[in-house]
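For reference, the structures are reproduced in the following blocks.
In the two complexes that follow, chain A is the common piece, with chain B as its partner first and chain C second.
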Partner chain A sequence: MRSVPEELVTTAGIEAVPAVRLDHVTKKFGDFTAVDDISLEVGENRFFALLGPSGCGKTTTLRIIGGFEEPTAGVVYLHGDDVTGLKPYRRPVNTVFQSYALFPHLTVWENVAFGLRRRRFDDAEIRRRVAEMLELVQLTGRENQKPGQLSGGQQQRVALARALINHPRVLLLDEPLGALDLKLRKEMQIELKRIQQEVGITFIHVTHDQEEAMTMADTIAVMNHGRIERLGSPTEIYEDPKTEFTASFLGASNLMEVQVVDGSAGRVALPGGDELRVPAGRLPAGERKAKVGVRPEKIRLVEPGSAVQGNTVTGRVVDASFIGVSTHYLVKTAPGQEMAVTVQNLEDHRFRPGDDVVCVWNPEHTFVVR
Partner chain B sequence: MTTLTGRRPRWGRIGLIVYMVAAFVYLFTPVVLVIVFGFNDNRGRFNFTWVGFTWDHWRNVFFGETFGGVPGVFDALVSSLRLAFLSSLGATALGTFIALALVRYRFKGRSAANVALFLPMATPEVVMGSSLLALFIALRFPLGFPSLLVAHILFNISYVVVTVKARLQGFDRHLEEAAMDLYANEWETFRRVTLPMIMPGVFAAFLLGFALSFDDFIISNFVAGPTEVTFPLWIWGAAQRGIPPEVNVLGTLVFLTTVSLMLANILWQRRRA
Partner chain C sequence: MTTTAAVTGRRRWVPYLLMAPGGLWLLIFYFVPIARLVEVSLQSGIFPRYRFTWEVGNYLRLFTDFLPHLQRSLLYGLGATLIGLLIAYPLAYGIAFRGGRYKNLLLVLLLMPFLMPFLLRTLSWRIILADNGPVVEALRTVGLLGADGRLLATGVAVVAGITYNFLPFTTLPIYVSLEKIDRSLIEAANDLYASPVVAFWKVTFPLSMPGVVAGSLLTGIPAIGDYVNAELLGTPEQYMLGNVIQSRFLRVLDYPSAAALSFSLMLAILLILIPYIRATGTEDLVA
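Right after this comes the complex of A and B.
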């Protein structure tokens, strides 16, 4: 085997250096700012997701890391080395494209071998590694087929094999599951996660599907308008989204305008006078008003007069829909105010439209958004 | 089309078939006549009436003057093939890169370049031929094969650019990014991914250029100079003295070659698909 280019050799003892670091990166297309002054660190062996709606700058950010776009300003580091301005073929990263971008005129085998051949590995080594990689993605026996003869899921796995065979230090995935149907997507989510743990490579995954991001990633950056709105583990950003955008992008939430009664004690009041408690420290200091929220599945419904602890809001059921695993209620709590409540079907008793109820939840589950 | 009863659609159908047959007869009668009269044992300088069957003219074309045949036919054919091959090759090479630049990049003068490329196609050949001759003389450029080559590359480029551009329009740019992502530099990306993918277009452009060059009379007539005789020029010269059936033989050969090349291209494309 010929020696691997120096930048691809894994150096021991650099765990402190992040795999990817963006330092005040901005990308403008004419007047449009696609990426707006992003700074970001992704640690070694992480499964990192860039999550956001279309046009939020997540794909541009990925393309800047891959070298397909040059940032207007800012610096890109890969394992501590400044790679800004380096061509894609000089970066120790590989990409799985949204459209897969398989070479239609080459066979599956030639597609997977493409990177090794360009790096002048010897034939025996290439044959060995391609066979190994095709086995990993379960495509042994398809070597001589053209991409056009494969199903979407198989093409997706060829794209993955073609990138992974080069042992990149960072793998970039641009909505790789977007074109698959739901069932296959779920399977591939688990498959990708397994492969990531097996090969121990940093994955940076771009997606607009919050469920996909939460299933696979250990760290998520929620992006909007070219900026990072919220960065953290799936549980952190779900339980405490901190911004209204993140709260609504990551599933349903009930948001309420409140008056701050005692910020340091975490006491706030609804317009009707009912008092709610918020974990201390979540309220911004010195603000008179705030917006708080709670996820529908954190709320229980009880009959009025029941002895309960926690945050309570009274209301009347206006809609109840039985979904199977749960029942979704819509509760009118004040004029023009409704709360969505998701209740697991643990008990036979279900409320019906018109019933007076009390919504109860643990104050710990109350978050504050900007 | 799917009407089950009624006379009118049926009559329409018959009319359509008659029309189609008539159109094909109209198109192919001259071609068939050219082929048939290559075998005519003609009398005198002209070849207009059928006399009898002979292989003589075919023999003349292949063995030339040794059989006492028409002088210069074979040389003219070789000259034209050489010119068509080289000029189309040159135009395809230049035109492919021009097409890539025009489709890929946004630069100053891009739309002007697009218009400029159309001009040779729109210019009457007589005008282009005479002005090229004036230019060559002013530059003291040697008239003959070199001037023919330059002129033919010039008018072929436009057609190549148009043909290759059409192929590039639907090209997925991610394929090139993927190649570069997989350690192929710009040249390797072109060589391994872009070129193979646009090859049908490039090949079609080459064939088109070849045919246009092989066919050209007007511009060639201006810039060929006194000694270089291409095939169309030879026919022109021969026709002034009478039309020998050897012309028909060569015409048949050219026709058969073109048709078999086209068929080969179709089969090749089918196999790739």
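Right after this comes the complex of A and C.
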């Protein structure tokens, strides 16, 4: 493996070297392109999520970083070193596999010690670090059990401990919480985030659960058909998804087809003629038509005739469902579209199906998608 | 309350009920014959009049007359099992891990020779190992065998025959246990700094132990008791205990000593088996 150039180590420039860099990476299986020309950088100590629907190429991308799959084209860098042809056992990364892949014939202790043993650490050191690690994942006392005797959540933590104990510079996690029930998953999300902050290692976390990605990651790459659709912080990609796929994958997005009235001023018109405003600069230049959207929780409902500011669309409530923390409405708008609206239960007044209403939102919350 | 008690009562009986046909089979065709074998082994007299007299002398003949045969049985049988394992493991590994879409074809090819009758297969080894046959010629040329050295009618031929005849029984269980191994376990080992060789010894091999044990038992037990290979590929010099039992039963018609030798061989195999299974501890692996 090539080492980091001297001048980078001695200057503050080391921070500029990303932990992982993919440069135009493509992976084909026969004629099928599983990963299509992906380029991305993951900074040191980041919690990075690869988010996308089933079959979009998340696992394949992760396996390319781990060295289990050779890219058809492109280069993989770990901390600035080209590792493209390097075998997995020579890469400073460790993986938590989708199915955990715990060694069934070894005890919990032996599973966790496996990596250190291969690297010939001395026994005292191994014992100390395994004990420390089992404490971190709260499995002290289970040393002598076999993986088959543990619950799903415990197995998941053994898999995590087995990878983390090697102090990898990058930890790859392939849907590590996929097999857990909802409550345990929520707990482990917080737990994983805590551990990541505690050990200060770059995590690349694959998931198809957008809520999980948003809770845990500080950067998310949304993947679709082997490509990265959108990359950014959870708020960025949620508030301004930029593509129709990202918008709808991250939640309800009330997309509307509009005519551009004045692109530079951010003025657009709905088919019925009502005008909406969009933050200037979001509209693509020179286009006559566009698609805009707004998240359900950004919309307020008021009675017709109320004095309001912002974007307004009139409509009629077709469905209202009270779910405790909020009320979900479905509003049929004048242009003949349905809008999802989530309203916090701050006031006693609730609308009923059949009521005429006006949907109001801040123009800043309107996004434009391709 | 009474209904649940009745249901659990019935549930408790179902497994025994399911075991009944097999149990009955074993009782009639296994335990009864063995009891009869023990009884015959303690008889004395002259054919056809044998009477039960607690004749322990039948067993002593194993040590006075047939000790070399017992030794050969163990040597040839265990030797063939060991050589069989050394051949079968790489074979099974190759099919399971490198066979790709030809896996089934390769398995069929492995079994193909065994569509031919057992006797014919063994006899064909006489041609292969014959004094002027290709194998002997080749070994003579490279000097591994002297000018008048031979293979047929030696222990080598007998062990070769046994090894060959039991090879599928060694290979198939190993193949099955290798095939069952989750490939992500090997990737996990690679991920944890194990090179392919280390991953094999630390993960693949231990996980294939149930197959190794099953294969060696399926081969070893009948191999120790075998007599056909020694008869067709060897001479009386190579005869194993199986040959003695066969001739005592069918030619000499000395049933008591034949029975005593049979029973002794069973005990000998059992004595080898118990420590072997203990040492390999497969019950841990299947859990």
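We adopt the following convention: the second predicted complex is superposed on the first by the 355 of 370 C-alpha atoms of A that agree within 3 Å, B and C clash if a C-alpha of one lies under 4 Å from a C-alpha of the other, contacts with A are read in each partner's own complex, and residues count from 1 in each chain.
By definition in this document, a contact is a pair of C-beta atoms (placed from the backbone, for glycine too) under 8 Å apart; a residue touches a chain by one contact, two chains touch by 3 or more.
For clarity, every value in this text was computed on a predicted model and none was experimentally measured.
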{"item": "Overlay on chain A: chain C relative to chain B, clash or fit", "value": "clash"}
{"item": "Touched partner set for A:A101, first chain B, second chain C, both or neither", "value": "both"}
{"item": "Touched partner set for A:G66, first chain B, second chain C, both or neither", "value": "both"}
{"item": "Touching partner for A:R162 - first (chain B), second (chain C), both, neither", "value": "both"}
{"item": "Footprint overlap on chain A, where chain B in one structure and chain C in the other make contact", "value": "66, 68, 87-89, 93-95, 97-99, 101-105, 114-115, 118-119, 162-163, 166"}
{"item": "Footprint of chain C on chain A - complex, ascending", "value": "66, 68, 87-89, 93-95, 97-99, 101-105, 114-115, 118-119, 146, 148, 162-163, 166"}
{"item": "Residue ranges of chain B touching chain A (in the complex, touch as defined)", "value": "172, 174-175, 177-185, 188, 192-193, 196-197, 272"}
{"item": "Residues of chain A that touch chain B when the two form their complex", "value": "66-68, 87-89, 93-95, 97-99, 101-105, 114-115, 118-119, 162-163, 166"}
{"item": "For the chain C and chain A complex, residues of the former touching the latter", "value": "182, 184-185, 187-195, 198, 202-203, 206-207, 284-285, 287"}
